[in-house]
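The same chain A turns up in both complexes below, where it pairs with chain B and then with chain C.
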Partner chain A sequence: MTAGSHAIKTGTLADARLRRRKDLADLTCDAVLALLLLLFIAPIVWMIVLSFQSDRAIISMFWELDLTLDNVTAILADDQPFRAQLANSLVIVAGTVVLCGIASTLAAYGLSKLRLPWWLTATVGASCAVVPMLPPMALVPGFYVTLIQTGLLGSLAGLIILNTILNLPFATLLMKIGFDEIPPALQEAASIDGASEARSFWTIMLPLVTPSLITSSLFTAIMTWNEFLMGLTMTSGGTTSPLSVGIASLVQPYEVRWGQLSAVGSLAVVPIMIASVLASKRIIAGMTRGSVK
Partner chain B sequence: MALTFWRRSSVFAKTTTLPFLVLIVGVGGYSWAQVVLMAFSHLRIEAGEFVWQPAGFDNFREILANELAMYSLAVTALFVVATVVLSVVLGLVLALLVQRSRRLNRISQVVLLWPAIVAPVVVSLIWLLILSPNIGVLNKLLDTVRLPTQDWLGTEAGAIVAIIIVDVWHWTPVAFLMLYTALCAVDEEAIEAARCDGANEWQVIRYIKIPMLMPAIIGTVFIRAIMGVKAFDEMYLLTAGGPNGATTLVSLHIRDVFFDQLNYGYGSAFSVLLVALMSLAIGAGMLVRHLRAIRPFSATREVEA
Partner chain C sequence: MASVEIHNVQKSYGTLKALHGVSIQIDDGEFVTLVGPSGCGKSTLLRMLAGLEEISGGTIRIAETVVNELPPKDRDIAMVFQNYALYPHMTVAENMGFALKLKNTDKREIQGKVERAARILNLDTLLQRYPRQLSGGQRQRVAMGRAIVRDPKVFLFDEPLSNLDAKLRVSMRAEIKSLHQRLGTTTVYVTHDQVEAMTMADKIVVMRDGVVEQVGAPLALYDSPVNMFVAGFIGSPAMNFLTGEIRDDGFLAGDVRLPLAAPAPELVGRRAVYGVRPEHIGIGEDGVAAEVCVVEPTGAETYLVVRLAGQEVTCVARDRLDVRAGHMVRLSPDPGRIHLFDPQSGRRL
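And then the complex of A and B:
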């Protein structure tokens, strides 16, 4: 800027200034990003912190910090419904993952690798497109009547079926993408060697599609574990409901046990957060792959 | 030979879709048929049995005459527009920042996943612990820095703002992940070429990255809009539709009518109306895209292709 004659020197100077400006820009961007990340984590961390606080410290007007396990031991005590609700949630998740896994894998295999009559392909395809768009609440009245008619209202089996219906279209889509990636030559080779359709599915296709099955099962498991609406409307509460509904029932008009509430919330969240750290690639793949389609 | 192969295997082929069809078309379709049937019926429970009476369009007339029903449609529309715009813009900003950052790239992808996988009912609990006028940490913070405390959940406008903030916090990560994935797939050569031509960072974002991301942005808007209409769990604990019904989103209205007022016909009719309105909106959106796509020499056509 100042000395036009020293061309080389100013060149390096400008370079250095440019580099410094770029470093500064990078740093600013990182700072903004870090602040945003903090906004996204802090609420969760605060709940986990509160689950180790006494109710007195939580209600206090001042900043008081305890470290107590009272809340955790209280919610796991015998007279509380949480153990039963935890067991319910685990049974529902396991049942849904198995049922949804079987139904989605078979349907996706049929769609991807076998020749189906056009009306079957159209029906399954249309279901996969339409069902995820329907608000679950719009289906609740119908599910309610159907479960009453079949005597499944309030049962775990009923909730397993409903959760499977909600997750099946998405799981089928993920599995179909998985099957599409397997080269058709493998199937032809198997059929030339005399393997039946069922046999080549079981011994060749299924092992190859296992990664997709794990992704879709993980996704189904998280969605089912988090499911609230069906548990709320199809059970009568107490020991018959899943954990998510148990959490909501702790918020009562007169006395709220904030510490215990936080502890149950953390109990529902921390396992999934740990799973997400271990399998973030899979969950991200599940979220983005299915939703882009 | 191929023909005999297919014919021989067709029984197994058809069987593969059987479980899917039984569950979705069987149970799901049957349940939806019940909703439609109930929408045109008067239902009472007598001695533990449903008593059905045909009602024609009575239930729909009742909806049109119900102020809260109309309000819930309006407030849901406002909620959807606000949450879609905010979460897509914030998601885009995050995607651009994360892609640029070398130090925080990996950790961002893990951490930003968390809000999206937290159970929605726990999300409402988390925000109750923050926004509650009595024990909320926000008031403690405001008090500490000598600012006036808030009671958003107790006022009508404040409660609407609160559920929008909560929903944006909850679902921006999904918008981020979709846009980030698309951003990583953007052709690096176009960006390099623009930089060689002297474009600065802002111009690269404005004229290269965002146009190339347009299909992904439209997809994200669509998915987020659907999620907005579906919203229920987060509001159920946080505001329960209040104060004075200010945050009664459509799902909360259906639950209230069906399970608390036991007005089964009305609740079902509202479900049918909601799905019909959504179909109309989606149909209109697709029509607009279609018309834009066939317009000759349009810029969007090239970008989308």
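And then the complex of A and C:
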């Protein structure tokens, strides 16, 4: 054997060893991830399974599988408020996404592209960062009084406005990152080409921030769908509240209807889970925009 | 087409003055290059011409009309940006036709103009592509296409070639020049690259720290720079400067006597800076001895960095030389092409 081939063989051996070590590391990593996934998914899967189990099987001392559609038909029955609550949630999410989308886009455009005084930009930027840190409960009294004064207490419009206020700071910051990434030269080129400020916003800026708008809208939708506190405090319950509040109503002092609770829980969780999974790539892309260049 | 008159134009950012009363006359159809180091105010001036920066003082006239207060869209100018500024969500054809679309031009007319410009710039096959699908050179051509489709009074170029590689830069340079010859539109071109300025312009404006140092034809600036800054900025490799004293039989730099065409009697005995371009130093049997420090062969020419009178001097040899660092060579600067400057003010003597 020549020295050259010996070297090659040693190299191959070292490569193989390295590959084996890498395989082992990958395997460990996969196993840990699978375990974590199980940990996160198990309660949700359990909830979905429970929603198709009879109450007897649920509270049984032993593992039982007694499949039934009773829970689902019960919560969708006419005398139950859940269908109305689902519709409420959908309307609130749609309204909030539209209102928050418009407001955050315009605010972010102003912050990013208009030459506003620095103190104004700094104040708005700082409040966008601070407001989400406040405990929402601290805002409830103020919101409550405002909604009474405006006659919006207990209405879907009131909840749409409150959810918009709660989501606006984050959505604005996210949109501002999107606008910041558009080179100023594009706007200048548009103004030289003859576009007015409004025209350049519509035809140049808006199409270019669409990815950010989609991200912030998805985020707003998820947050609004899951919102509980305002739904609870600003409505009188029953058919006026959103689905997130409806779930909690099934936990009563003398009885917990586990099967129905699970069925409503599934109704609330599954759509947003599907949306999140479909949109996860988009959300991560939007969140990390501008972080690495 | 139009003439451009920049009269005593100033620009201030708060207390900071970026332009101190700049005046330039640009004739109809002329290709003018604004050149200078980074931060000299050349891009600011161009942006003021475009209407993208406010004018703090003075007047700018385009085709005899004062445009100080006019928004960019009403100045009838087209600008090519350093980073091209193509609209990423529009195709090449849409990018080029955008300005005409804003003017509510007839669709068929837009298509005709875009196709004509595309033919001129060899973009015919790329009209339906998006900017991200194009190479740097193609994007540059689209940016130029967007400008020429509008048939403006003045073209403004803001360092349009600085993002391209060296080879492409040379070919685009020729393309822009031939485009100007073909269209004859008044052009203002900003660059920090003096080679670009020399090769393309009818007239060069050299700027430094917000002040115009010299305006003139490329070769006039090369042959008669008004001060050491212009002398050092125009020409590559840069002019050599040696400090010493003017004598009636030459120039004394340290203990080395350099050749000089008979100086004016009033200059004899005065301290000065001896400026000589690398290409005006002969290398041969005669002349002053100097030690070679660095040899840089480029193929066509060889650059020698030598030590002369305690200072480093660059010279260019057209022939291939068999010299290495440490060798001695003899240099003979051409006495007819020597520039003398005042060491304090830097002005030409």
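Criterion: the second predicted complex is superposed on the first by the 251 of 293 C-alpha atoms of A that agree within 3 Å, B and C clash if a C-alpha of one lies under 4 Å from a C-alpha of the other, contacts with A are read in each partner's own complex, and residues count from 1 in each chain.
In this text, contacts are C-beta pairs under 8 Å (C-beta built on N, C-alpha and C of every residue); 3 or more make two chains touch, one makes a residue touch a chain.
Keep in mind that what you see is a predicted model, and the values were worked out from it rather than measured.
After overlaying the two complexes on the shared chain, residue contacts for A:123 are found with chain B alone; chain C is out of touch. In the superposition on chain A, contact of A:193 is made with chain C only, not with chain B. When the two complexes are overlaid on their common chain A, residue A:136 makes contact with chain B while staying clear of chain C. In the superposition on chain A, A:183 makes contact with chain C only, not with chain B. Within the superposed three-chain model, A:204 lies in touch with chain C and out of touch with chain B [touch as defined at top]. For chain A, the partner with contacts to more residues, out of chain B and chain C, is B. Counting contacts as defined above, chain A residues 191, 196 meet chain B in one complex and chain C in the other. On chain C, the positions that touch chain A within their shared complex are 50-52, 71-73, 77-79, 81-83, 85, 87-89, 98-99, 102-103, 146, 150. Within the complex formed with chain B, the residues of chain A that make contact are 25-26, 29-30, 32-34, 36-37, 39-41, 43-44, 46-47, 50, 58-59, 61, 63, 99, 102-104, 106-107, 109-111, 114-117, 120, 123-124, 127, 131-146, 148, 161, 164-165, 168-169, 172, 191, 196-198, 222, 225-226, 228-229, 232-233, 244-245, 247-248, 251, 258, 261-262, 265, 268-269, 272-273, 276-277, 280, 283-284, 287-288, 291-292. Partner chain A is touched in their complex by these residues of chain B: 5-6, 9-10, 12-21, 23-25, 27-28, 30-35, 38, 50, 90, 93-94, 97-98, 100-104, 107-122, 125-130, 134-135, 137, 140, 143-144, 169, 172-174, 177-178, 181-182, 201, 216, 219, 223, 226, 229-230, 232-233, 236-237, 250-251, 254-255, 258-259, 264, 267-268, 271-272, 274-275, 278, 282.
Contact residues of chain A toward chain C in the complex are 183, 185-186, 188-196, 199, 204, 207-208.
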